[in-house]
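Going in written order, the chains are labelled A, B, C and D, and every chain counts its residues from 1.
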Amino acid sequence: MSKQLKIAIILMVIGALLTTLAFFMAFYTARVQGFGTVVSDQPLDTAFALAPPSMQPTDGIAYERPWLSQKIFYFHVPVAEASFLIFTIAAIFALLFLLRKDKKYDTRSRIAMETAFVFVVATMITGVLWTRASWGVWWDWEPRLTTYFIMMILMIAYFVVRNSVGDEERAATYGAVFCLIAWVDAPLSFIITRLIPSNHPVVFQSGMDTTNLIPFIIAQIGMLMIGYAIYVLRVTEESMHERIELLKERLEA
Amino acid sequence: MASTENKDRIAEDVLALDVAHLTRKFGVRKALDDVTFQLEQHRFLSIFGPNGAGKTTLLRILATLTAPSQGSDVTVLGFDVVKDAFALREHIGLISHNPLLYPDLTAEENLRFFAQLYGITGADARIDELLDAVELTHRKLDIVRTFSRGMTQRLSLARTLLPRPELIFLDEPYSGLDPHASDILDALIDGIRDKHTFVMVSHDLERGLELCSHALILARGKVVLFEDKETLDSDLFRATYRETVGLGVS
Amino acid sequence: MSEKRNISSFDQFRAILHKDIVMELRTKEMLTSMGLYALLVLIIYYVALSQAGSAFEVERIAGGLLLLAIVFTSMLGLNRSLVHEKDQGCLEALLLSPVDRPVIFFGKAVGNLIFLILVQILIVPLFYFIFMSGSQVQSGPWWMLALALLVGSIGIAGVGTFLATMSVNTTGTDFILAIMFIPLVFPLLLVVVAALTAVITADAGYTQVYWTMLAAAAGYDVIMIAVAFALYEFIIGA
Amino acid sequence: MIDPTNTELYDLVLQDAPFVIAAYGILWLGLCAYVTFMLTRMLKMGKELTLLEDAVDKLK
């Protein structure tokens, strides 16, 4: 077993522990304040609707309704940000492939796309559940959700296109070109909630309490570790696959 | 035909093909592996080899349609196939088993389209001259879809000769042709072989051997044999061919 | 005999465009198939809306329906235009001649744009007579509608030609084009529909919405065509 | 040591709990399944690899 693979497995375990830790911290130590409460005489953040009047505890301060579902934040956002990051890495490898025409960049780009896709699906599932809990609907065509959904479709298209091309090198070139075009959607999806008014909360715009920030950062680091570990495992698997093919060819000759 | 084209003439002493350490690989798989050979102008090179030996890849690299891998040094008519690809394209032509003609255009429209791509002025006279040479003047205004296989191939030859290429690639030009059409193609090639360099990929051993001045056998992306026909030991050649291609030679 | 060479990219572009138009006028293959398909889409719209009732405001969705018909029809033509090049290996002959790769892209894209506009000249009036003739709404000027459709068509032809060059080399050509094309032009469709609807309903202050949306659509066109221009060399040579 | 503001709030609304639990559960189980699937595939490949390597050694 290679050194890189060992590190990957260790990172996977640490990442799992960190995200679990963050999950419990989200319930035990994170304050709801900042996300959960607002001062009534201030303009309301559209992201968090007020709780029904009967549930409001004191004058001047109001609880926002979705404060428990807000706990999804601690794993939804880290997964989403990791997906953007891994997609960007895939696009960088795609660009490198087009410039150098070296197969190893294509393999890396493809595997990064796969990893990013796993994270996109995870983001979608947690996101849909949060939408249901907080907005009362399963899906809403608002800018962030729409652009993210399009990004997922583009990723699926990437794999469909690759698989429908017979020639290996042509598949790699088409994949790289399509990855680059599709990637344009990632920064768009990331900044769109800051450009167009929407229901989707904007993280870091209103500031975050330290007790909220710590579990968030822990979860983020954990998710990135898991993402890296998955990526390395897939790369190892792919190189094993290549070696098998090579050996088979040698045996046939 | 005296010409005052402002397309650069190729000097006589320039090598038609100067291939050094040509490698083409994707990952660990090598389509071409360290191919090295040289060919002077006005020669006829036949490339033989089994399926998947890299013949077509070699031809496509020489014709600037595919890029070689890094470390290769391929010069055609003095032009580097990667850096000077654009300039080189004015000097090369291709006859393939595909006609490379638009079936819904007439013979004349097809030729005129390619004349425009090459920026040939005074194309009318050139088109008439070429149609006459391939004996298709009477079908000038007919659409190519109505042509027989042999006529299409003749028109294809006219299209190739239109920009007066110095080097012509032949990619399995006989496949799908009946014996009569093959003979016409042979005669046409024979008429211009003094002034042109030919590079042919073919499965037809007899015809390839008869036409060529140099023979090259590729197997698994490597050059197994490269010889001038003058010095070529026919028996040795056939033995090598049999061994690599694995087909019986009559 | 003397002969001079005068290679100019513009002449090559004109040659490719001219060839496509001559071929199309001879076979009328793309125009008839696209025109008939558009007609069928309109019939299906009628079926879909037949139970909507009289209180239903067709103006609100007319822009979307119209653009949808155009998108579906365009995909039909885009594929055909590249299949022509692929069929007899003509693309190889094109690539072998001293033509800059982006010239091929612009030649094919402008050809597709022209055919798309011709089909629209047929279906837009037809759409008006079938769905909108009874409408009481005072719409904005027709040239605003045409301009929005033109900006939309430029994007569709540009992105579509680019993607069709890839899809023509895959198995399952039509499906592959659709799965790449629709998510990529999605932003364009969104803003063009907004612009179209603004003109058709002509609510107070509609010009402001119209020009904002049109600017966004034009921005999309410029970005996407620049990207296609930069990447075309890779896909056509692959 | 649950933060005092939180205990107060938890009493008010617990109806979002199933969604939070489901989100975390699906995310976690999904990732675990993916990794397990990948690892079993790799183990299978490892076996195939040793098999092929033996065959190549025998040829020599």
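Everything below uses one rule, namely that a contact is a pair of C-beta atoms (placed from the backbone, for glycine too) under 8 Å apart; a residue touches a chain by one contact, two chains touch by 3 or more.
Owing to the predicted nature of the structure, the values given are computational and were not obtained by experimental measurement.
Trainee: Is the number of contacting C-beta pairs greater for A-C or for A-D?
Mentor: A-D
Trainee: If every chain is reduced to the average of its C-alpha atoms, which one ends up farthest from subunit D?
Mentor: Between subunit D and every other chain, the largest centroid distance is to B.
Trainee: Distance from the CA centroid of subunit A to that of subunit C, rounded to the nearest Å?
Mentor: Chain centroid spacing, subunit A to subunit C, equals 34 Å.
Trainee: At what distance in angstrom does the C-alpha mean of subunit D lie from that of subunit B?
Mentor: Taking the mean C-alpha position of each chain, the two centres sit 57 Å apart.
Trainee: Measure off the straight-line distance from the CA centroid of subunit C to the CA centroid of subunit D, and report it in whole Å.
Mentor: Subunit C and subunit D have C-alpha centres separated by 45 Å.
Trainee: Whole-Å distance, subunit A centre to subunit D centre, using C-alpha means?
Mentor: 16
Trainee: Hey, what residues on subunit C touch two or more of the other chains?
Mentor: There are none in subunit C.
Trainee: Going by the touch rule set out above, which residues of subunit A reach two or more other chains?
Mentor: Where subunit A meets two or more other chains at a single residue, that happens at 169.
Trainee: Among the residues of subunit B, pick out those that touch two or more other chains and give their numbers.
Mentor: Correct list: 67.
Trainee: Pairwise, which chains touch?
Mentor: Per the contact definition above, the touching pairs are A-B, A-C, A-D, B-C.
Trainee: Which of the residues in subunit B come into contact with subunit A in the complex?
Mentor: The touching residues are 26-29, 67, 69.
Trainee: Quick one: which bits of subunit A touch subunit B in the complex? Just the residue numbers, please.
Mentor: My answer: residues 101, 103-104, 107, 168-169, 172, 242, 246.
Trainee: What residues of subunit D sit close enough to touch subunit A in their complex?
Mentor: My answer: residues 1-3, 5-6, 8-10, 12-17, 19-20, 22-24, 26-27, 30-31, 34-35, 38-39, 41-42, 45-46, 48-49, 52-53, 55-56, 59.
Trainee: Of all residues in subunit A, which touch subunit C in the complex?
Mentor: The touching residues are 98, 150, 153-154, 156-157, 160-161, 164-166, 169-170, 173-174, 176-178, 180-182, 184, 188.
Trainee: Touching residues of subunit C toward subunit B in the complex: what are they?
Mentor: 1-8, 11-12, 14-15, 18-19, 22-23, 26-27, 84, 87-90, 92-100, 237
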